[in-house]
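Single-structure report; data block below.
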Amino acid sequence: MSDDPFLIAGTPLRSRLFIGTAGYPNQQVMLDSLEASGAELVTMSIRRISLDGYSGSLVDVLSPRCRLLPNTSGCVTARDAILTAELAREALETDWLKLELIGDRETLYPDVEQLVHAAEELVRKGFIVLPYCNDDPVACQKLADVGCAAVMPLGSLIGSGRGIANPAAIELICTRSPVPVVLDAGIGTASDAALAMELGCDAVLVNTAISKAHDPIAMAAAMKAGVEAGRLARLAGRIPQRTFAEPSSPQLGLVGT
Amino acid sequence: MTRLTVNGIDEEVAATTVAQLLADRGIDPGARFLAVALNGAVVRRTEWPAAALKSGDAVEIVRPLQGG
Amino acid sequence: MSDDPFLIAGTPLRSRLFIGTAGYPNQQVMLDSLEASGAELVTMSIRRISLDGYSGSLVDVLSPRCRLLPNTSGCVTARDAILTAELAREALETDWLKLELIGDRETLYPDVEQLVHAAEELVRKGFIVLPYCNDDPVACQKLADVGCAAVMPLGSLIGSGRGIANPAAIELICTRSPVPVVLDAGIGTASDAALAMELGCDAVLVNTAISKAHDPIAMAAAMKAGVEAGRLARLAGRIPQRTFAEPSSPQLGLVGT
Amino acid sequence: MTRLTVNGIDEEVAATTVAQLLADRGIDPGARFLAVALNGAVVRRTEWPAAALKSGDAVEIVRPLQGG
Amino acid sequence: MSDDPFLIAGTPLRSRLFIGTAGYPNQQVMLDSLEASGAELVTMSIRRISLDGYSGSLVDVLSPRCRLLPNTSGCVTARDAILTAELAREALETDWLKLELIGDRETLYPDVEQLVHAAEELVRKGFIVLPYCNDDPVACQKLADVGCAAVMPLGSLIGSGRGIANPAAIELICTRSPVPVVLDAGIGTASDAALAMELGCDAVLVNTAISKAHDPIAMAAAMKAGVEAGRLARLAGRIPQRTFAEPSSPQLGLVGT
Amino acid sequence: MSDDPFLIAGTPLRSRLFIGTAGYPNQQVMLDSLEASGAELVTMSIRRISLDGYSGSLVDVLSPRCRLLPNTSGCVTARDAILTAELAREALETDWLKLELIGDRETLYPDVEQLVHAAEELVRKGFIVLPYCNDDPVACQKLADVGCAAVMPLGSLIGSGRGIANPAAIELICTRSPVPVVLDAGIGTASDAALAMELGCDAVLVNTAISKAHDPIAMAAAMKAGVEAGRLARLAGRIPQRTFAEPSSPQLGLVGT
Amino acid sequence: MTRLTVNGIDEEVAATTVAQLLADRGIDPGARFLAVALNGAVVRRTEWPAAALKSGDAVEIVRPLQGG
Amino acid sequence: MTRLTVNGIDEEVAATTVAQLLADRGIDPGARFLAVALNGAVVRRTEWPAAALKSGDAVEIVRPLQGG
């Protein structure tokens, strides 16, 4: 929506939907889903090359289409996350980073304490840091205070598709955050994405809900529409919730009564 | 021969620089989107030819992959 | 979506969003909202003319743009509802009817028992009946059995903006209904409309949530996008909800570990 | 004069047909989107001129309005 | 609670928990659960005797301990329900009846239209009728109007253990019902029973949640405590829900600041 | 329940309900509520004496009846929290401490990063530390790792009465915590307390919901019953939630069909 | 012999009254908590001996059972 | 006179020990459930008589109060 600009770290982004590139049936479906999603910012991971030689890259096909957002997925220590970030910057020639620092391999919950320290150092090193964090407003404030370009609180567990488990917390974070809020993790379907935007999120990051949907391309289009719907509704200003009914049709001039 | 840990695996290699190590593995050093770290510090592409390897060094050779 | 036809009583409709015409700040905002919503089916009420003469009609401006769906809002007896329906057919030259039969003026809950009888008689008289009903699957079945062209269960109280109070009941109705299910009443914002479609509804009827929004035109666009998002997500086939996390990025080849 | 209940209000009118009743009220019988019921039954537009009014009749004159 | 009398049809009941007798591992567990629940009103069904002779009855053990409430479970027509009711009255010498009239065998949703008519006739025949109904306030009003001694709206589908799917509807019914409201069907655990009472229900009927629990006797005690907890909380008058925090400890005299 | 012992730091506690002492209409109501709650562990704050002299203490009346749990409410720095803790130990001659470290005065959300460090130091100083924390399983694990005797995640904002905003997170914490989990903050009514126990919490701490209830003494009794109900239900093993209905009464031998 | 439908099953019986029908089935008519309907109407216990059965009659013999 | 900060308020006092400071304020040093900190460190009750106060010292005098 040209009349509703969205910037992160001073960079205008043409879509409020960010998507991940993992878990698609194949690369073509992934590219078609990316196309259908209208997303500009797209996440990738950084991994060791298979030692029996290196065979071309997804980046060649993605980089012309979108802005890459490498992540530090799987890292459990600040040291590994920082090294992964620097390798990502070298490999992809971008300062942008989705910072992940996992505190528990089963729930993939972030380790917020290490996250804040790693974010601070990476900001110092000139990265544009978007941290995956919990839905704690104080943690989000700390991340903003150390210079993160946005905060990315979880809606629910990564890949769970449970949507936004605690809408009040997300709304609280949105009302208070000095930086953009990107809902990350847990989105399962389009209404979850719409709700995130209605709660005040500036953007939504989706991967599994698209890549593992029965029809990823159609779900990518659904997420695009859902994010637009939620953003429009947020800007439109919804009606309050009432306990009792409120008739819409005129109450006078009824026939026969 | 030099004893290295390459992407977590210990091995003996003949290469004495990062550039050679890549070449010996059939990795075109001109290939884009590659990155290398030596003992936990990134080695810029321009430094690969000069970056010497000594026994005990740990090398990481990475590339971007699909991710969420 | 041309590849996703939607018919009621054999008539194809180009939008799965139906809108009401009441409660807008003024007629121009209503018309602009109608435009923004992309809705084809639009509801009106039938009221006594003011006795000091008759001064033109909203119908003149609406009828070229859309298909009118007169309602029997405010009726509390089958007799009044049936007479109102026949006057509507005479005035608007359409057999289509949103049948409302209110059982309680405070909650505007339908009187389902009378509703079924009135619907049966109106079907016999050749009407295409879309009844506003409760979220009871047995009641919806009876309405289909007497020949209603669709059922319109409430999400929550009319005008309450509380969304879908009982999603499981709506989903149950959708899985079992032999006729289209249109979610009527309670929609408060775009994510509610998306959820309705994801639960399996064929369409959504919205009035107050648009007309009383701070910016009705923007909310009309939001509802349009929300309905599309929900329908696309329904067709795409969402991922299941999981109790535990499911990593999206590859688990092997992590740096430094 | 005839005693009618018109849209719920009792009154004395001179009109003896539905068409006259509308005319006396300044309602153009040609106006579209009007409907009339006499004693609970719709009177088709074509029958307005002939539809006689007698004392005690109940007449409804309606039009479409905004609605939800 | 002696200071909180509870009457149905003028008869004081010593417990606001009603329990069903079906589905227990064995009769002794059922009796021990009944004991642990403290319930006075206990439901039974009416069934054809096995034709190879009649072998004693559960009633002998139950009747000294409690007041029996026969049901018309499984009936799908008013005629069968009324005959079953009269056979129950003859067999058990009680006018009390839990009226069930199922409209759909898969969801066991009531057929409210037939239910109202059957209730009316049974009231005329002198029965004390407690109908299992949907959570529609208009339907509940009609049942009270025809003389039912209480209404028993469902929380969720029978045996589903999903608790109260639409709390707002139950609360609405409770605020308006001229007769006692007994939450029937759907209770899965003790907090569901407590919530029902907090919403304003006068009592709760539980069967499957107790009889199929891993430890029915313990769950019976849990339900007893849950009903008491919810009733006490309702009478105590809960605090309002706030959007923001409200400190409990004093705000002045903090150390060191 | 004598057959269900509950220990914190090796000390058996006779009640799983902890209560706060703030905000009651007067001291007598507080004492009667304490009595009605059956609570053993009772929280107090530490505040500067009014400079015009010291006039007796609440402790005299409380200490014979219960075990005191001083808190560090209002502290925003680890330094102040630690000093307050040491003053509390000196004043009350107890090592037990409810550690509060507030990161934001408006939401009263904890500052988990400082909390972990303060907890670690206080454990080193010999305190039995029960920290008020967020509902983050990784944060709770860290608090256990540094030697906290229990963790006290929030249900929702302090004093908000919104109950348990994210039941899945609380359940996750309960399944993984090596130390007892005490649900702190947000409880509004008895069913909230029951739910907390059903999710696996070992105890519940309540203040505002009792002290600000219309009838605090009755609400204290309600909370006592709610905690017992939830604990019994947890131990009894609830039935699973089903999507479809499950008849309780026998399906054979129906009359007339 | 009389053709009856007893609890939904068609059969030939010798019994000519409800009381006999119960007795022939080894059902003690004195047993408590029994109820009988003949052609959709309850037959009070006191009327069992006199209640005549004719061909085509439908009899229901029921008892209370566990229920929810 | 000594310049102290007592419970956050700057003042001049004559007292030269914690015990005196309490006494001058009419606080019975024998009263239970009192605690005192001097410059951020707790002063045990037994040390009150000996605990000297010098200008610039910060004193906290606290007691338990209702709390949540």
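In this document, chain identifiers A, B, C, D, E, F, G and H correspond to the written order of the chains, with residue numbering beginning at 1 in each.
The criterion applied here is as follows: a residue touches a chain if its C-beta (ideal position, glycine included) is under 8 Å from a C-beta of that chain, and two chains touch if they have at least 3 such contacts.
All values derive from a computational prediction rather than experimental measurement.
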| item | value |
| --- | --- |
| Both-way neighbours, i.e. chains that touch chain H and touch chain F | E |
| Whole-Å gap separating chain D and chain H, where each centre is the average of the chain's CA atoms | 93 |
| For chain C paired with chain F, centre-to-centre distance based on mean C-alpha positions, whole Å | 46 |
| Chain A-chain D separation of Cα centroids, rounded to whole Å | 63 |
| Numbers and ranges of chain G residues touching at least 2 other chains | 7-8, 37, 40, 60, 62, 65-68 |
| Residues of chain A touching at least two other chains | 20, 22-23, 45-49, 71, 73, 79, 83-84, 87, 107, 109, 158, 162, 168, 207-208, 243, 247-250, 253, 255-257 |
| Set of all touching chain pairs, with the criterion as stated earlier | A-B, A-C, A-D, A-F, B-C, C-D, C-E, E-F, E-G, E-H, F-G, F-H |
| Touching residues on chain A, where the partner in the complex is chain B | 20-24, 30, 43-49, 51, 53-54, 57-60, 68, 70-71, 73, 79, 83-84, 86-92, 158, 207-208 |
| Residue ranges of chain H in contact with chain E within the complex | 7-8, 37, 40, 60, 62, 65-68 |
| Parts of chain E lying in touch with chain H, wherever the complex brings them together | 247-250, 253, 255-257 |
| Touching residues (chain side chain D, partner chain C) in the complex | 6-9, 25-28, 31-37, 40, 42, 44-45, 60-68 |
| Contact footprint of chain F on chain A as seen in their complex | 103-104, 107, 109-113, 116, 134, 136-139, 141-142, 156, 162, 165-166, 168-169, 172 |
